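Shared between the two complexes below is chain A, which has chain B as its partner in the first and chain C in the second.
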Partner chain A sequence: MIDRSHIEVFVDSLTRYFTHLNQSTGSHSDDLEISAPYLLSSKELVGFDYTGIINVSGRHSGKVFITARSSMLKRILLLLGEQELNEELRRDLIGEVANTLAGNARRHLGADFHISTPKVIEGVIETTRFKLSPRCFVLPFRWKSNVAELIISVES
Partner chain B sequence: MLSHLFGKYRFLVVSIALFLIFDLGVLILNFYTSGKLAQQAELINLAGQQRTLTQQMSKSTLYIKAQKLRLWVYQSGLEELREHYTQFGNTLDVLKNGGVIESAETGLPVKIEAVTSIEGRNILQQATVLWAEFDQVLAPLMVDVLITDEEIEPASAFIASNNLKLYRLMDKLTEHFKVTTERQATFLRRAQVVGITLATINFFVILFHFLRQLSGLDRRVKVKQHESDQILSTINEGVFLLNEELRIGGQHSKQLSKIFATKKASGRRLKSFLRDYFPKSTVATAMNFINLYFKDHVDPVLISDINPLKHVEASITKPSGESERRFLDFSFARLDQSNGEPRSVLVTVKDVTAEILLAAQEDQAQVKLDQKMALLTQILPVAPSDLDEFIRECMGGFDRINSLLKNTKITKDNFENTLTRVAREAHKLKGNASAVGMHSLAEEHHEFENSIQDIRHHSKLQDLSGRDLLPLAIKLDESYSTLETIAELRERLGSYQRPIEQQGRPGKSEVSKENSKWRTLEDYAQKLADEYDIPVSLNLRGFSKPIPEHLTERLYPLAVQLLRNSIAHGIESKSIRANLRKPNKGQMTISISHDLNNNFRFLFEDDGRGFDYERIRQDLIDKNIIEASQAKLLGHTALVQHAFKDSVSTRKKSDLLAGRGAGLPLVWQIVNELEGKLKIRSVKLEFTQFIVDFAYVNKGNPSPVMDKLLKVG
Partner chain C sequence: MKLMIVDDSLVIRNKIGRCLLNRFSKIYRANDGVQAIEIARKKNPEIVTMDLTMPNMGGVETVEALLEFAPETGILVVSALADKATAIEALTKGANGFLCKPFTEKELDNAIERVISMRVKQ
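Right, the complex of A and B next:
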């Protein structure tokens, strides 16, 4: 069963990340728009171009995915001052975003919330591979017209 | 205590006393003998001096005689003779009788005791006799300064013949003294050897005794240490002593290191130690509590039940850096003090994580079991086919809600539109669940509706965001879980329930087996009637022939909503009905009919109070849907149209049955989905009739051509 407080921590973490990104790059602070959350069956296919995955263990266990289109990652890289927008940098970036979100969440969920180093995959997430909970929590969001999704499959 | 110590250390005290006695004896003997030896040395010197004086007196006598013969001056020789004479005589007297005389070595006065040895006395006796003869011949020379030949000649002759005798006697006396001295020195050496030997033996005895005792003590300490180590390494709890300074003792059990994943516990202040694992507030409370154990007037038994360190949660950081949550139980025992020993408290720490988690799991399992039991009691009265259909419909409803959430575009209007549609779906699910008797799900849907209401209220204050819809996804997940549990129970109980289902339920209406689901409405109406104390009677017509399943899926929720609406708003209470001279029971009828062209008519009617137009008008005003001035202009048709489109309700408070104004909009939605035509006839205090006409094409495809008309009769 998904715990509401955990979801809120991740949503806060997501908001904080993009707020910080906007502030540090001088972008408009209202660029992040969060859509209605929904549930994803573990058998459904999901995922955009790049997905960063964090394993969660300890008191809670599961996985946290952040999946985004290549265009969004390129946009962030440009804002961060990168000249190169190659695939390696995009992969690094999505992993870094996943790590930051989970790291922020860890600060709120306590030391007993352990996170792994991020893994990155490209394309559709084969959900059956990841032993996810029967229903994952999906939070679609849009940043500067680029859509992405935060997928949480964490159980107590 | 002294006697105790003396008793315990008797051997040691006696040994040390003997050692001191031996050493002291040797010292005293040494001191005494040294004095004797000094005196003997003085005697030897005096005897030696006497021996020399005999020679010098002889020399002086001869000198005087020779000088006198040459008629030279002899006074110096005479003075020398007189001096030697006097000195010899005095010395001989002192040696014989004792007395004070000038030291032969230093010239200082020394006290000489009389010689007592037999040999010495004999020699002195002989010397005295001989010296008396010397005295006789020398005495005349001591009188005057002028010496006559008669005085010097006999003296010179006597000295010449006897001087050697006197010399030998004095030499013999000297040797005697030397021998005596040597004997005393030998005695002293032997005494010293014996004394030192005894003291040394005694020392080794003490040393051996000590070593043996230390060895025994070490062995016992080692055994105790080993036993203590074994206990501390085997004991399954963290154990340590706490002193008055609230410091952890030097020894603690191995388990303590395991529990706290640290080897640095010994000697640390407890407060600082606990702060590594517990929040500050917990530590502060704990320290206040522990301090009570060091106060004599506090009875530990009385305070044990307020121990704040029972089942306390600790965050343990492992050497690998990983953090782990553990539940610990601390217990304290004040140790008895004796002989003024400092106070200390025995602290025991037990890792009860497994027990706590197990208990939590058991609680969770119990809660789940209770939930399952509650669900089971709700499932059992429901026919398996009805339950299967309910599960299928419910799952479909959840999927539709999830789909609505998933396909919401990011705008406030879209969010509101989603909320409206989700609310209707939830209301339909609530009605269905309630009708089937699945109260748990009905309550969950009611909560779901409450969440929507909260979100709507929130959206009036500020723009809606997807984040505001978080509770819906959470509650939807919970509803999915409940439904999965129902499905699981259904699967397990399926074979037991079929016989019951086959028996069928008695009822006044003629309902075919295929339409048994409609029969549940009779039970549902009765249940609501009992619950709200509004007696009703439901008549089902047109259900003797099978109704297509797909059609039932659409019409059943419609009937549920109208039935709930009728009991909530239409049918009067017993007393009112009695006043109105209506039948005691409210009469409700649900009928379905069709012609040869598959034109269907669904009818719901009751003999209740009819539409309360004024209440609808007031609710529209209260909810700011329409301004009061415009509301006053609305006719009955317009008011009913609002009742089917807006969330208006004539009930003051919402509950599980009604009050949100969601029922009629849902009816309208279903009619739209059927592409049907809704007619309403309502006469105040007499009846209300809902008629839905629609064309139904088998395979679940409704007729595409139907005007959606709303007529109020």
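Right, the complex of A and C next:
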């Protein structure tokens, strides 16, 4: 079962991602606001426009989701220097963000935290489609006024 | 000097390509290890940036396969896998550097500079 230290690992990954993004673009690092995590009910619908999903295996098992609105992904793409901002790039970006956040968690969780290549889903997700862990945490955050959520469904 | 960018993410291939545009005369892009080996055999890039988590053929396997027929290739692993064991494994398999995602343009430029310098000394 995951505990507070696991949540902090993902808070660290999230902070690191947006700090680097801000450093790359000369933006302010305090644009990221992470809210208190909460437990996901098994019947809830989750997800914004795009969701990136990483399967976790090894010493831990489960899934890590990141879900964001199209507006946030377009903003990040612009900062990365993209001009098209099309659907292919938005899907690719959400998958890459999921991969980066889960991969960076290995800094604390070690090489036994195996991650898959990302899968991307558009639109709202019915959580019953996935076998989520009994204690599935949602970490809401806001970056430059855009809301998004990191969902951690991992057991050890 | 020719560069090949190997990454399953289009956004990352574009970002690396834009950052390193002025350093290389030609930039090739591959979205997995299989495509990377094909391109490397035909185009002989001197420097390669290599993701690790990719479909079809992962980065460590690709590094080994590539160095079998092009042992002088300078390889910078660019991966989100941030643990020390992964970095050590990549370096022992023959990569010349390891850069953790996310990265800034300056961090990428410095890492590529080190890989190019190491290759020249060899």
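In this section, the second predicted complex is superposed on the first by the 155 of 156 C-alpha atoms of A that agree within 3 Å, B and C clash if a C-alpha of one lies under 4 Å from a C-alpha of the other, contacts with A are read in each partner's own complex, and residues count from 1 in each chain.
We take it that a residue touches a chain if its C-beta (ideal position, glycine included) is under 8 Å from a C-beta of that chain, and two chains touch if they have at least 3 such contacts.
No experiment lies behind these values; they were computed from the predicted model shown.
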{"item": "Side-by-side fit of chain B and chain C on chain A, or clash", "value": "fit"}
{"item": "Chain B versus chain C as contact partner of A:Arg142, first or second or both or neither", "value": "first"}
{"item": "First (chain B), second (chain C), both or neither touched by A:Leu77", "value": "second"}
{"item": "Chain B versus chain C as contact partner of A:Gln23, first or second or both or neither", "value": "second"}
{"item": "Which of chain B and chain C A:Ile115 touches, first, second, both or neither", "value": "second"}
{"item": "Touching partner for A:Ile7 - first (chain B), second (chain C), both, neither", "value": "first"}
{"item": "Which superposed partner A:Arg59 touches (first chain B, second chain C, both, neither)", "value": "first"}
{"item": "Which of chain B and chain C A:Glu155 touches, first, second, both or neither", "value": "neither"}
{"item": "C-alpha centroid angle, chain C to chain B via chain A, nearest 10°", "value": "60"}
{"item": "Chain B versus chain C as contact partner of A:Leu39, first or second or both or neither", "value": "first"}
{"item": "Chain B versus chain C - smallest C-alpha distance in the overlay, whole Å", "value": "8"}
{"item": "On chain A, the residue positions that both chain B and chain C contact, one per complex", "value": "110-111"}
{"item": "Interface residues, chain A side, partner chain C - complex", "value": "16-17, 20-21, 23-24, 77, 80-82, 88-89, 92-93, 95-96, 99-107, 109-111, 113, 115-117"}
{"item": "Touching residues (chain side chain C, partner chain A) in the complex", "value": "8-12, 14-15, 18, 53-55, 79-83, 85-86, 100-105"}
{"item": "Contacting residues of chain A [partner chain B, same complex]", "value": "1-2, 4, 7-8, 11, 33-39, 58-59, 110-112, 114, 134-135, 137-142"}
{"item": "Residue ranges of chain B in contact with chain A within the complex", "value": "315, 317, 322-325, 402-403, 405-406, 408-410, 415, 418, 465-467, 469-474, 476-478, 480-481, 484"}
